[in-house]
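Next come two complexes, and both contain chain A; in the first it sits with chain B, in the second with chain C.
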Partner chain A sequence: MDNKHGNTWKMIKPYVAVVVSLIYFFPVLWVFLTAFKPRVDIVTTIPRFLFTPTLDHFFRLFFRRVTVAPGEFALEATPFARFFLNSIFLSLTSVALALALGTFAAYAISRFPMRNKGFLMFYILSNRMLPPIAVVVPLYLMYRTLGIMNTYGGMTLLYTAFSIPLAIWMMKSFFDDIPYEIEEAARVDGSSRFRAFYKTALPQVWVGIAATFIISLIFVWNEFLFALMLTGRETRTVPVALSTALRGERGVDWGLLASVEAIYVVPAIILAFVAQGFLLRGLTFGTVRK
Partner chain B sequence: MMEKESRLKRFFDRRLATIMVTPCIIILLGMFLFPLLWSLGLSFYDYSVLRPVPPRFVGFQHYNEIIRDPYIWARFATSMRFVALAVGLQLVLGVALAFLMYDNFKGKKIFMALMLSPMMMAPVAVGAFFRFMYDPSFGIIPYFTRTLFNADIGWVTDPSVALYSLVLVDTWMWSPFVMLFTLAGLLSIPQHLLEMSSIDRASWWQRFRNIILPQIKPLLILALLLRTMESFRLFDTIWVMTGGGPGLSTETLAITLYRVAFQHWHTGRSSAMAYIMLIVVIVLTNLYLRLSMRQEGARR
Partner chain C sequence: MAQLILKNVTKNFGEHGEFPVLRGIDLEVKDGEFVCLLGPTGAGKTTLFRCIAGLETLNEGEIRLGDQMVNDLTPAERDVAIVFESYALYPTYTVYENLAYPLRERKVPNAEIKKRIDEVAEVLHIQHTLQRKPQTCSGGEMQRIAIGRAIIRRPKIFLFDEPLSQLDAKLRNEMRTELKRIHRELKQTLVYSTPDQLEAMSMGDRVATMRDGRIMQYDVPLEVYLHPKNLFTAQYVGDHVINTVKGTLSSSNGKIQIACPLFKTELAQNITVAKTGGSPGEVLLGIRPEELTLKRPEGEAISIQAQVYTVESYGDYSLVSLSHDDIIWKMVIVGDVGTETIHSDEKVTVYFPKDRLHVIDPETEEVLV
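Now for the complex of A and B:
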């Protein structure tokens, strides 16, 4: 009896799993549907699943119509393209920088004897654990005093610092995974420590570098609070633009908002899918190496 | 000349560890430690960035006021309620999801990716969109609860419900995160152990308690700590979804800190508040590190 019951459960389990994952995905799907809905079909008391898809919101996101002369219109670019480019530029440059510096540091910590290594690693990680809201107050003061608010340099520096702890912890875990013997052999053959790192160790961790890059990128891409306080009109990123769009005076333009979100979340979801095997490792700073 | 160059090279090689670590440490010290020391100083002063008045030394006054302020304690309680509910739900659901996704089936990788997609989305986007979906007049969630259960729930308008709506969103985002941890733990259980117990006809609960739980426990504790820290400091989602309202029902410590710092511009007081939050997080980080070290020790 008990056995039979177990078998039925085994049979329907995959279907339950599919249904549950679809439930989880539904809100994401709803964002995409809303992004393609005509305005009249969005704000309805009974949600509409059937509608004629339109690209209107995406178009409005990047262009707006301005009256040049009575009855004559011209298209003007909205600042949104710039916000997207800002997000792309800031996340790519700062993560690349953090990863370059972090890989060096991670290698040194993984390979060379050091005093207080435990404390060093703790200090590095604690930077990542700080509540952003607690750090942003003094950072705001510092950026104001230095006059680097709303500059690309300042924002790149900020996100580099933001990404370094994860880069070091994750890369250290990848270096720890490869045996030291080969580099030692290279050292015996007379190559310098740096050459041993560059020629022997680095080629073995390319997958790790790619995974670390992707996961750090997602974090910077999604970051909000620092950007909210430290960027201005020129360097504004999409998450900040999104939050300001919610404070529209004539009510929130949900179609427009959905189109921003649709464009913005796709890269993160795709990247996460690519690095799925390293997700857990990235989210635990390399401590769980599954 | 030759001699000098090789000496330089040797110096570089001997100091390589220091040279490799220093840039990162300088950036971290400059970007996090230095401003934090600055704000530690400011937390003893009466100061506002907006006022052109020089800071006035007040000693521990801010700390004293904060600790005695029932308003702050109420916000702390809201934070704790949110953390306890969200993290608790995530743990239970996460483990359940892991059991559901443990066996292989066709297309599992795709469905897994669907399930993991919420947690990769920008929290701001999530908050904004749930505000849309919770909207009392045109949101899809109130529509479902109205038609399916005939219940009119003010998801984001009723002060007694709003916090639970937030808990739901956080759980939706992060229970798959706990699932990942649990799956990693489940996969490390030797197959023969599970088979043996099924021959023994041990009950499901016995099997879970005696074989599975001890194996996944260290990983679950890590997940618990990470989630506790993150939901304690959560700002983005709450800020765009409810902005702390209605009333003060979802005003957590992080939201209050933002208001004190950037809406009332009490820079000194906000610095003191930030320090109280920091201490909580540093204690948790320390715990995380100790436990993850143990985890590493167990693996080797």
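Now for the complex of A and C:
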């Protein structure tokens, strides 16, 4: 009886999973559909799932027509390509920096005796506990005084600082989980402390580095508030551009909005998909013994 | 190859050094000698190894390797090899790379590395594992790989930290023989720690018993067994725990009389007991279960009247518990005679040679005779 019950559940489980994922996936799907819909089809009262797809919105995203002379038009690039590049550049550099610094810090905290280690770890994490809205104004004033508003350096600094706590916490748990004796064996075998770290510890936490990289990258990729306050025309990232630059005189341009989102969400989806193995291991590392 | 000399090696743990782990260790290991550190968990064996290897800094004392004082050298500079209890193999490298690691760190050319790995793999019978990751090898193989990584670079001295404790009993027996063979071939200085007295007694040229961060006795195995210097060593060494009984010491007519509920005897030597409390003349008397016999031995012997309490037969020997009032003593009878000739509740007379009696000071735990 029990067994039969179990079998039934086993059979319907994948279908339930499909339904649940569809519910979650629906908004994303809708964005993709909208991005390819002709303008008239976007706002129909009865939503349309069948339509002639168009690349018009994507085209409009990167190029606009300007009147050169009466009756003559030319194509001009919109600043959007730059916003995309900004997003990519800022997330990659800041996360790479944060990961490098965070890995060293985490290794030191994990391996070396120091006083008030618990407090130190708490303090590091507390940087992430304050709601961003509470620090954005002081940060704004600091950035303005220092003259690093709307600079790549300033934004990289901010996002690096923003990513370091998570990097330290995650990497520390990975280092804590690998036995110190292996590095000690390496030191007895003739390695310096740094080489023992580099040659024996680091290869063991490779999965952790990948997981931390992806999680941090997604945080920075989606960050909105700081970017809104501290970036300008040159350094603007896509989330900010989404909210500000897409309002035309005729209200929100949904097609354009959807096309930005469609492009913007793709790297995140691919990353999450490729890395779901790492993510799963990264998020459960330390909690479950192999 | 080198001799190892430890002088007053002291190590405290804790933020303010409030937990002494090594309390002034003096030890001399000769060139090419196989020395076993024998002691229970927490005796400080591992910490002592870590100090010798340079993984811990000393609070006091001196470590000399060969003719060099190594206190201030890094682990890499000391040229010591450790086989860790956990093996500590590099999980991300193949067995081949594990063995190559110490050589690569010393910039040994590839051809030489290959030659040496082939040699070591043959000695240790691990040729078939070379291309695998260490985690995929069996316990015995991992243990041999760990030894291989130590011997491949021909260090001044080997430290083996309880290398057999992770193996099952059968494999442990095999590896014990194997290790002796390896040491005979290498002829190198080797210090070996173990909580197992059988391992220490069977393998070491000399045995150092350790407790609470002190060396209790350091001598050849037979001496440690026959003439323990203290109660701890007497109790820790030997397959069966030494029998003890409280007794009193008195002198009359210039002769030392010993009396206990089991027997009375006279001592030839003159001894004194520390008078730091307890009633004067109180001693502990010890005799090994293996020394007790049913037949009167040749020479001077002491006899005990007792009742057989239980007989446990182990096939090749029997362990007999003897009771006398509420004192229980153990006796070992080799061969299958035990169950044949001795039965529970039977009254027996057992003997032991007088010169095998140990008289122990209960205060200092020193063995006086």
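Please note the rule applied: the second predicted complex is superposed on the first by the 257 of 290 C-alpha atoms of A that agree within 3 Å, B and C clash if a C-alpha of one lies under 4 Å from a C-alpha of the other, contacts with A are read in each partner's own complex, and residues count from 1 in each chain.
What we mean here is this: a contact is a pair of C-beta atoms (placed from the backbone, for glycine too) under 8 Å apart; a residue touches a chain by one contact, two chains touch by 3 or more.
Since this is a predicted model, take the numbers as computed values, not measurements.
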Fit or clash between chain C and chain B when superposed on chain A: fit
Partner chain in contact with A:P239 - chain B first, chain C second, else both or neither: first
A:M142 touches, of chain B and chain C: first, second, both or neither? first
Which of chain B and chain C A:T200 touches, first, second, both or neither: second
First (chain B), second (chain C), both or neither touched by A:P179: second
First (chain B), second (chain C), both or neither touched by A:R187: second
Partner chain in contact with A:G208 - chain B first, chain C second, else both or neither: neither
Chain B versus chain C as contact partner of A:G154, first or second or both or neither: neither
Touched partner set for A:G255, first chain B, second chain C, both or neither: neither
Partner touching more residues of chain A, whether chain B or chain C: B
Degrees between the directions from chain A toward chain B and toward chain C, using C-alpha centres, nearest 10: 80
Smallest separation in angstrom, by C-alpha atoms, between chain B and chain C in the superposition: 9
Residues of chain A at both interfaces, chain B in one complex, chain C in the other: 192
Residue numbers on chain C that touch chain A, as the complex places them: 15, 50, 53-55, 74-76, 78, 80-82, 84, 86, 88-93, 101-102, 105-106, 149, 153
List of chain A residues in touch with chain B within their complex: 10, 13-14, 16-18, 20-22, 24-25, 27-28, 30-31, 34, 42-47, 101-102, 104-105, 107-109, 112, 114, 120-127, 129-142, 144, 157-158, 160-161, 164-165, 168, 192-194, 197, 218, 221-222, 224-225, 229, 238-239, 242-243, 246, 252, 254, 257-258, 260-261, 264-265, 268-269, 271-273, 276, 279-280, 283-284, 287-288, 290
Sites on chain A touched by chain C in the complex: 115, 179, 181-182, 184-192, 195, 199-200, 203-204
Residues of chain B touching chain A in the complex: 9, 12-13, 16-18, 20-21, 23-25, 27-28, 30-32, 34-36, 38-39, 42, 49, 97, 100-101, 103, 105-109, 111-118, 120-125, 128-133, 137-138, 140, 143, 172, 176-177, 180-181, 184, 187-188, 219, 222, 226, 229, 232-233, 235-236, 239-240, 254, 257-258, 261-262, 267, 270-271, 274-275, 277-278, 281-282, 284-286, 288-289, 292, 295-296
